[in-house]
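In the two complexes that follow, chain A is the common piece, with chain B as its partner first and chain C second.
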Partner chain A sequence: MKNRLSDNKYKMIAFINIVVVITVWYLLSEVFQVFRNGMLPGPNVILETFISKLNSKSPDGNTLLVHIVSSLTVVITGYIIGVVIGLPTGIFMAWYRPIDYLVRPVFDFLRCIPGLAWIPVITVWLGIDLKAKAAIIFVNVFVGTVVNVYSGIKQTDQVKIWVAQIFGASHFEILKRVALPSALPYIFTGLKVSLGMAWLGIIAAELLAAQSGLGYMIQVARNFGRADLVIVGMLTIGLIGAFLTYLLEKVEHIFVKGRN
Partner chain B sequence: MKKSAIRFIVTFSAVCLMSFSLFAQGQGEKGDAVGENGRPLIRVGAMAYYLSVPLQVIQDEKLDEKYNFDLDIIDFPSGGPMAEALGAGEWDIGPIGAGGMVAIPRYNAMLIADIETTMDGAWILARPDSDIVKAGNTLNDYPNVIGDKKSIEGKTMLGTVGNISHYMGLDYLSKFDLGMEDVNFIHMETAQIYTAFVAGNGDLACLGSPSAAMKLVDQGYVRVGGLAQQDKSQQDAMLVSEDFYNNHYDTTVNFMKAWYEACDKLNADEDYEFEMVKKFYTNSGRTDFDDAGVRQECEFNKYNDSSTALNGEVGKWMKGLIQFYVDNGSMDKSVIEAMNTNIKKDVVRDALTK
Partner chain C sequence: MSSILKINNINKIFINNNGSDKAVLQNVNFEVEENEFIVVFGPGQCGKTTLLNIIAGLEKQSSGQVFIKDKLVEKAGPDRAVVFQNIQLFPWLTALKNVEYSMKIRGFSKEEYHSEAMKYLELVGLKGFENSYPIKLSGGMKQRVGIARAYCTKPDVMLMDEPFGALDAQTRYLMQDEVLRICNTEKRTIVFITNNIEEALYLADRIVVMSDCPSTVKEVVKIDLTHPRDRTDSEFLRLRKEISAMVNRKR
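Right, the complex of A and B next:
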């Protein structure tokens, strides 16, 4: 009962926070007009643009739904490939020292290169279609996943490892039965961080080449001076990212003990 | 909810409001700025292209001194960011191309002059072995435009939506009764169009940058269209911010006096023009040009100078560009009215007659 009350209180604070942000935004943009020339359209204008963009193809040739589906395709493709390759890479780097010595210098070098910097070479190597855009997302996701998985495995409790060793567990069995379960919170944190990074990469990916997508919509809107549409694109990216993170948290609650 | 929580929220909101207000009010406000030589300061927006070369002449020939102003040149990579910077009050006067269609109606910039009388170099290129090139010229009215409806339909076109290459690409398609929906128009930035096209991607490259287009021609790609070839003019315009136009009119006139004197010098001597273009590009950090390319660019383009500036309708090209985007639904009709209101002919008239 007490927990439920506390939960409701936090929900109330979160709600008030959103109301305050929207109110401040409205005051700044519509009442005091502190940004000149419509550079910050008010929330009412954004809502109107959002609703009209559901049916309107102007100025980028597609409706909002088409852009969302297009971006989701790129993000999810790059994310899945990044996670599928990043998870084992992080695990094996952390658990097997020779692999760590072999891979880490290259990884440390590659992880400092931002997604945008990959555009010219990816264009030459992979062209301009889905696989090229997914590759830019992959770079972001791979780095985030490896870093978190690596940290999680490395922080396995030494006492638990000793206990497993006393009971005769092999090195691989210790990884499977001790290190991986204890690293699950880190792994899920990595998956969530990487999801955010995947969405961060969508602008860079659609800067490469695009006919549709939220990043593309934002760029075209920018070229036509449509600040309202730029903000609609930003908010849509934020909302979808938050929703996907929420889904991932639900999955985390199933797999990670004590998270409820 | 506790009083302390409410107090915190109210205080936090007030602090946010004040911070944003200060931030917004502070942006780009220069007031009556004075340059390092004590003369009125003009913050000039520029791009490292042909349209900004007279600025080099103004500096080299000390025309700023002669006409009593100091220059602070702010470089931009393209018209989009330059237009946005004008909206933020970061520059006062500057030559701009298609970016003007955003700066004028959205950020209330004033169009005071057209920069060139003739221009070329915005081209559409195809691979030499493509169906489009094989189709040859099929349009009697446009002898330098290559391709036919069948060969173009379904092809992949690379260009930048919302700039001159997009406008040119759509116009090219319209010559064959085609629209954007009949091809795969892929949006890319100019540098990436060049890289992607050379790497084998796309069938048509729409390039607004003469240097990139000329490089492709040198490499054997075939010019199948272009604004000049499609009987469409290409033009840049001189914009002034609303604030500068209203509060520093005389300085604006003085700047245009210097500008036209620089253009007179450039138009009078081809070798001088060639040297100045090269010098400006080099000083701007460009490395993607050679002597032959600069010579060609100088041949294609001619500045509006003191003898031609009062001829013709100022802003006609920009109005046509905006009308084009209004007609295809990319911009709303309100921009036409803003465009018509913001064309000011008095600055050039005063610069050349007073």
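Right, the complex of A and C next:
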């Protein structure tokens, strides 16, 4: 009961926050007009641009939905491949010493290269199509996933491992039934951080080389001096990012049980 | 009577971070008879947990041997189930699943481990809490789950490391009675560690009194009081005084 109340209170505060921000934004842009004409469009203008961009192909040749689908396809492709390869890599590195010794030196070096620094070489190798952009996302996601899974598994409590040993569990069974479940919260944190990295990667990739996508849309809008469309692009990215994070949190609630 | 557990000249020396040696256990010897309730009583930080871990096969002694049923202990196994000092339930499993876990891993069939787990949860008085996660259970209830989890594997020896150390006095008394009740329902050999002399006297058939670090067995005291014991009984108080005096630190 008390929790519900404070939950509602939190929602109230969040709501008031948003209203205040939008009001201040409106006052600054439309009423006091602190920026030169058109450089800071008001919330009303943004909403108009958003709605018209749903049908309009100008100035970049595609409607908003096409850009969203284009970016999302790349992000999800790269993200899933990065997670599917990154999870077992991190798990086996953390659990099996020979693999750790073999892979970690290379990995520790590679992770020092910022994900965005891969963009030029990947475009040289793979061009600028889906494959290339997904590869850029992959690099970003893979590194983040491995690091988080690895440290999550490494933090498994020794005494919990002992509990399983006493009952005769094998090394692999301990991984499956003790180390993995106890690392699950870290793994999900890693998945959420990697999702952020994935979006970072796609926007950067599309700013450099693309024919569609939200990053590309922002880039063209900037060249046309369309501040309103730039902001629409930013807000769309933010909303989709928030929505995907929300989905991941739902999945987390299904899998992570019995913890705060 | 035959002794089921033999602790033979155990020594343990840890290497500190700065490279110096730290002797924790020194020539520890004692034997435990079948179905006996042994309490190992010693001051804090004297190496009780270390000794228990060595008996369990979780830590290596520097020298000496542990025999269970005349077999040399070399690694951990279900014949020596442990109830750890801070319980260590798996937070991601319900009470029932925590208990089932110990049997599941040993290859029992699903019906078997389910009905056994239910039986032992009932034995420790947790009927109705099968599906609660540990986070929803009180300290005493978590200890009950820990006991059920160790008990259901039918170990030759149950090793209990200050299981009630973190409980409030009221719950502690209650759990002491509970542990005696459980042990009388299904006889087991128990090695129970505590730094609380009253608890030792209330539970033990024999008390192994340990000295301060490096720890050795000062004396083994047979407690002939009948159950249920009265903590204010004159003989109880006399023993309490006598044993306390043995471990009084001369510092």
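The working rule: the second predicted complex is superposed on the first by the 252 of 260 C-alpha atoms of A that agree within 3 Å, B and C clash if a C-alpha of one lies under 4 Å from a C-alpha of the other, contacts with A are read in each partner's own complex, and residues count from 1 in each chain.
Definition applied: contacts are C-beta pairs under 8 Å (C-beta built on N, C-alpha and C of every residue); 3 or more make two chains touch, one makes a residue touch a chain.
Since the model is a prediction, treat every value here as computed from it, not as a measurement.
Q: Please determine whether it is chain B or chain C that touches the greater number of chain A residues.
A: B
Q: So in the superposed three-chain picture, is A:Val256 touching just chain B, just chain C, both, or none of them (first/second/both/neither)?
A: In the superposed model, A:Val256 contacts chain C only, not chain B.
Q: Mind working out whether A:Arg177 is in touch with chain B, chain C, both or neither, as first, second, both or neither?
A: Only chain C; A:Arg177 stays clear of chain B.
Q: A:Pro59 contacts which: chain B (first), chain C (second), both, neither?
A: The answer is first: A:Pro59 touches chain B but not chain C.
Q: Give one of first, second, both or neither to describe whether A:Ile166 is in contact with chain B, with chain C, with both, or with none.
A: Touch status of A:Ile166: second partner only.
Q: Which partner does A:Asp157 reach: the first (chain B), the second (chain C), both, or neither?
A: After superposing on A, A:Asp157 lies in contact with chain C but is clear of chain B.
Q: Tell me, which parts of chain A touch chain C in their complex?
A: 157, 159-160, 162-169, 173, 177-178, 181-182, 184, 256-260
Q: In their complex, what parts of chain B are in touch with chain A?
A: Residues 1, 5, 9, 12-13, 16-17, 20-21, 24-25, 80, 83-84, 87-89, 102-103, 105-108, 158, 160-163, 180-181, 184-189, 191-192, 195-196, 199-202, 325, 329-331.
Q: Within their complex, state which residues of chain A touch chain B.
A: 12-13, 16, 20, 23-24, 27-28, 32, 34-39, 57-61, 119-120, 123-124, 127-128, 207-211, 216, 219-220, 222-225
Q: Within their complex, state which residues of chain C touch chain A.
A: So the residues of chain C touching chain A come out as 56, 58, 75-78, 80-82, 84, 86, 88, 90-94, 101-103, 105-106, 133-135, 153.
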